[in-house]
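Shared between the two complexes below is chain A, which pairs with chain B and chain C, respectively.
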Partner chain A sequence: MADIEKKEATGSGVSRREFITGVGGVGVGAVLGGALLKGILLPDEVYAIPASEGYLLVDTKKCATCASCMLACSTAHYGKASLSLSRIQVMNDPLGLYPNDVAQNQCRQCPYPACVDACPTGANHADPETGVRMVDEAKCIGCERCVQACPFTPSRMQWNHEDKHAQKCDLCKDTPYWNEEGGPEGKQICMQVCPHNAISFTKDVPVQTDAGYDVNLRKDDAWGQFGFSTEDDGMTLSGAQGATYGGH
Partner chain B sequence: MADGYAPRILKVDLTTREVEALDTEDYKDWGGGVGMGAKLFWDLVEDKTLTDAFDPRNVVSIGGGAFAGTPVPSAARSAVAGLGAFGYPVNWFTTSNFGGRFSAMLKLAGWQMVTVVGKADSPVWIDIRDDKVEIRDAAESGDGLWGLDAHETQKAIYEIHGADGTWRSTGASRDSGRTTQHPAVLTIGLAGENMTRIASLIHDGGSGAGQGGFGGVFGSKNLKAISVIGTGSIEVADAAMVLDARLWAADQYGYQVDGLKSFAISNPCQVFSGMPSASTGFGSPARPEGCMNCHKSCHGVRAASGLGNGSHCYDTQIWQVPEKTATGAVTGETQGRLADLMQALSINALALDTAGFWLGKLNEKGLVGTGKLVDTDIFEKYTFGTYEWAEEMLHRMAEKREVGELLAEGPARAAEKIGRLEEDVKSGDLPLQEWGYPHHYDGRTEVAWGLGSLLSSRDINAHDFNWICMWTVTLHTLYGLPMPVEAEEMANIIAKKTPPYNDPMIIDMSDEGMYSESMAKLVSWHTAYYMYYKNSMGLCDWAYADFVNPYGENLEGLTGIAEPKYVEGVTGRVEPLEDGIKRGTRIWNLMRALYILEGRHRDQEVYGDYMYEVPSMPVPGYMLMSTPQCVPVFENGEWSYKMVAGRMCDRQKTEDWKSIYYEFEGWDPASGWPRRSTLEGMDMGFVADELEAAGKLGA
Partner chain C sequence: MEKELLFDSATWLVWLAPLAGVLAAGLTRRRDPEVVGDKVLRHDKAAIIEHWTHGIGTAVLLVSGIALGVWFLPSLAGSGEPVWNWMDVHFVAVVVFLFGTFYYGANTLLAMKRFKEHLPTKDAIDYTKRHYGLLLGFKKFTFPPERKYFESEKMAYILALGATSVIILTGLLKVAAHAIDIPAGLMAIATPAHDIATVAMLAFFLAHVFFAAILPASWPVLISMFTGYVSLKHAKHEHRGWLAELGYEDEDAKSDEPAA
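Let's turn to the complex of A and B:
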């Protein structure tokens, strides 16, 4: 349970905490850049949520729509493979036009997490050690305010209709069915299982825009050798990549 | 205990428009996919002498295996089983296979297989949303799908579902499942609606069950599409073990985008370690497309051009040489547009390739033209090799119009109708290797592919030994590059990985090895392996069997180690590879029994005459015969790789080999029919009973 005390109008105390200024999640407001700001103290009346110590970044132009991330996510968390119960949702239109046929929709671990703020019981909270925004399932009363509150489409909060609680990406902090340590200091199953390294991880708070979380992961590996674009726009091909003749 | 299976099998009776849930438990022994499809056919078809694929009594089953939808890598293939309209002279029970998302989505909806019986009295489609199944009006009076092409149909169904990447519910209650996903749809285009024998089943952009003629079977049932969205989950026996197995396999044996290893020539011969490729985007910016839970994403690309989404390999290559010959260049636009058109009309690409080749030969003889033996104006009005020629031919075939009416029957029936079958198959102008199927890989050189196909009901399209023993060897020879392993080492690695025989001689494709008992072991092992692990459990033909792997220790691949891990993690069953081979043999014998009840006898198991009469030489311009073949041979006491172009099959030796093979399988060599003792030894006394009642039990 997150160790946050909320000071209310009635005047109950709140401990001073370090926190990040900035407005995350809704795409407006201050841009944080890469550095983690620490040590800014606010008056006691302010409700403070520590920043997450980790963030998933994706490269939607690299995604091959295999849904390995989704199936592995649900398996690691629940011991059963499911697309609906995955905490990362990949939109895939098989008849769509690259690059708009796919979107990897990961939780952004928002600096200002509207989903945490919306939770009436503290089930959805920021982990006190790591700042990871995650759900304590036992405390979830199923009101789904968190699902509504997520500013992104599709909501990065999911309603687990099989086990009857809200859920979200916890950076694999709690994966009873995977033999690896997760959380910001550990590994994330989606990243491990992605065949093409289309998911990566950073400890730095991303720029709070879409481009901050959907980045170019195609430059530093063999991607260009396969004939795919390594440019940021995913559309520019170098001469060697403009192959016209197929193999066998 | 959880075992990876969905609890129910969906049986849809289109005649009565009733749906029924069968218990998957009754079918688990058969693995899934083809195995379950064969057993469902056995159970649901009373008169097994039925050999008309368009008869409403034909039962078509579709689905995957225990692995689909779990993290097991490259394991989500979907199989189709039933009488296939393409087979000649008999519509044998046969199978087909496609990739993508369907089998996984079906399981997530709670259904292991969907099996369709009967015939609807008007066009319908089946809309599966978790446990809610609706047979819907596909005609203009309803959802207006009939008449749309295969891509338009899917788009229409996506719209009906409101699939736009946002969360939506599959039901009314707050605990109904939710999804962001597009439904997985299997559908037909005009060639299927018009009941051609050359029609495929299409899924997504370019996944297709191309061979077998199942598109026409759907059309004969007035079935336009099956759509499924599943919001549930698939439970496995040991989830941690499955995840570990996935990561172990992909990290130790799969391609590493940040640390590539390859043979001197790679893709796709590298099987499990093969890489994604943009070549099917033909220069357009693209992403690779991967089937569900696959670690290598080799299923074509999604290109910015929008052409050829998800089509690859053969579908994007058949028109390259004709186009280059006709116009001087290969264009991405042609290949992509053509692949899309074939999928849209749901036509098996081999039908176009073979039609073009055969008609071209007849044209050279002056037999094609207005008022001639093949009465058509297509060569007069269009230039062969251009996109326009192919486009027109595909439309004519789909519409059964002009020469398309002849070719829609498939090449064998077409040739028979105009009195050219015997002569053209004998000369090789119409290279139908077995059962009316166009030549794919060559029984004169690669041997096991041909023999396996001959004993089965179609071109086996199982590349297990083809990738490594033929393609790898041939390409490295032709380009003068070092082999990944020399022949003796290849034989030893493969021996290690093929229990229970563990016989290095199985890959001896020498003139003597072709007809040996070791070759019987190879065909037996190969058939069992792909029938169980691939056609039934769902492993992909482009990732398995993995024998030689550039990432593996001593270049050994993961076959033999991986399959038992997957089985144990998913099903809880400890099953060494040789036990999986036994399961495959069992499935094979059930299929064999179906062929026999349909009239099969060894006397019919004879290649097209050209296999015995014409030396196997490369045929430039005919995609499927374009390369001379180099294979491992054991001659004069030693192993080597040898180009065996120029070889033919010896008729009598092939007959003698068949006897060796039948005996090896425990079948009567006089007929090719299984013996009771063989069947009872596999707990298939019920099969022996039915064969005996039909007077077709092996002595």
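Let's turn to the complex of A and C:
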């Protein structure tokens, strides 16, 4: 025997079936209408996020690949010294020749952050106050689109294999194991620990080339007094240096 | 440029599917169980659609979800494109699952007796002991006058109901996070809750497949999930209480009546 419809008095004489059908019908119409509106009638969205208020600059001709920055980075963020968990990755080519044997792969806090754009959940985002590109770990779903999206090799986004979320340099804005204030207005631990002062910080947007982020940091300290080149190419010695040191 | 996830390009389908299920329920005319000759109508066409959309959706969701990594299990899919492909599979299964579940839910709202017949009664423990004691070979037990659903199935239904509800609630929250800013604290609860409910659902699913499809005694009922009918002979042995509710009078029936 088929269902018998009951006309329950709901004030308007609408049966339960009519109510259910109405809810479903209106809902389907609303979703389809909204999809049509968004897809066809509304203009394309403009993607615009603020620039970061800080950038790390490095001098690979100063870097000794001691990895102090890497160990300090992981310690400040996770409480343990781990090269795998560092958000700055320093690479040394053992078969390479100076000055092209070292790479300090810091996040460039790109004006157009492809990693932020790629994130489907907003976990990787630009901090509203400082513009720092950083990951909200609770929102990360582990798709690693950000890691793939980074235009640089190696990717400046890393996969935290222990805690199962993406991570990146946040200019030490969130360092639970370091009691200094970080972020663009504070300190960056990699810069603090580097024994060669091979890492620097600027608030100005660097020129968007490799040379914009790999700069000469050898002019203002004792580097030249040790006989090392303070010129941009890292090879040329000044007349005085050449006389005392005898060249490379 | 990596491809866009379906969860982002086709989010509207996730919201459409449950509402389409509700609309479909409103437009569906159900057929109640009845004895037809030497067969009993156990599942009408709506029940078959509900079951298989929900069931196949669940199966694919479990496989793809486990591939993506659940709770303490790491992602089996690795990283990069395999992960995105599995997420797209998960999306398709979500749409099917939501349609089926909400179709069932709305149909149930239209006939609450269909919900009540799934709930355990006070005979739950006694009937289950007799039923499975006999199956395991303890001859001191007699087969209880089970109703349409075995009491053990009704108890499992509670687990499935709870797990499904948590999965849907937290899952929709996770989908919403693709479009709007959901607080991180809420996401930190939603994702583990989704994972724990998944494990509960997996336990139910494995038990359900074993008892409903692998155990030979259940094959007549498995066939009914395709044809809609079980044999009267099967119903007399396994579901005497149900036949009594349908008003069928069997001269061979024992005197004990099911409790109200």
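Assume the second predicted complex is superposed on the first by the 191 of 248 C-alpha atoms of A that agree within 3 Å, B and C clash if a C-alpha of one lies under 4 Å from a C-alpha of the other, contacts with A are read in each partner's own complex, and residues count from 1 in each chain.
Keep this in mind: a contact is a pair of C-beta atoms (placed from the backbone, for glycine too) under 8 Å apart; a residue touches a chain by one contact, two chains touch by 3 or more.
Not measured: the values here are computed from a predicted model.
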Which partner, once the models are overlaid, touches more of chain A's residues, chain C or chain B?
-> B
Which partner does A:Ala149 reach: the first (chain B), the second (chain C), both, or neither?
-> second
Where does A:Thr121 make contact in the superposed view: on chain B (first), on chain C (second), on both, or on neither?
-> second
In the superposed arrangement, does A:Lys80 touch chain B (first), chain C (second), both or neither?
-> first
Have a look at where A:Ala222 lands relative to chain B and chain C in the superposition and call it first, second, both or neither.
-> first
Examine A:Lys164 and indicate which partner it touches, taking first as chain B and second as chain C; both and neither are also allowed.
-> both
Who does A:Tyr177 touch here: chain B (first), chain C (second), both, or neither?
-> first
Interface residues of chain A shared by chain B and chain C, listed 144, 159, 164
Footprint of chain A on chain B - complex, ascending = 2, 69-71, 73, 100-101, 104-105, 108, 151, 154-155, 158, 165-167, 174-182, 204-205, 230-236, 239-240, 242-244, 246-247, 250, 254-255, 257-258, 260, 267-268, 275-283, 285-297, 301-304, 306, 309-310, 313, 316-317, 320, 330-332, 335, 471, 475
Once bound in the complex, which stretches of chain C touch chain A?
-> 2, 5, 7-8, 12, 15-16, 19-27, 29-32, 34, 68-69, 74-75, 79-80, 83-84, 87, 106, 109-111, 174, 177-178, 181-182, 184-185, 187-188, 191
Note which residues of chain A are touching chain C in the complex, please.
-> 1-3, 16-18, 20-25, 27-28, 31-32, 34-35, 118, 120-122, 136-139, 141-145, 147-149, 159, 164
Can you list the chain A residues touching chain B in their complex?
-> 61-68, 71-72, 74-76, 78-85, 89, 91-99, 101-103, 105, 144, 153-155, 158-159, 161-162, 164, 177-179, 189, 192-193, 195-197, 220-223, 225-229, 234-237, 241-248
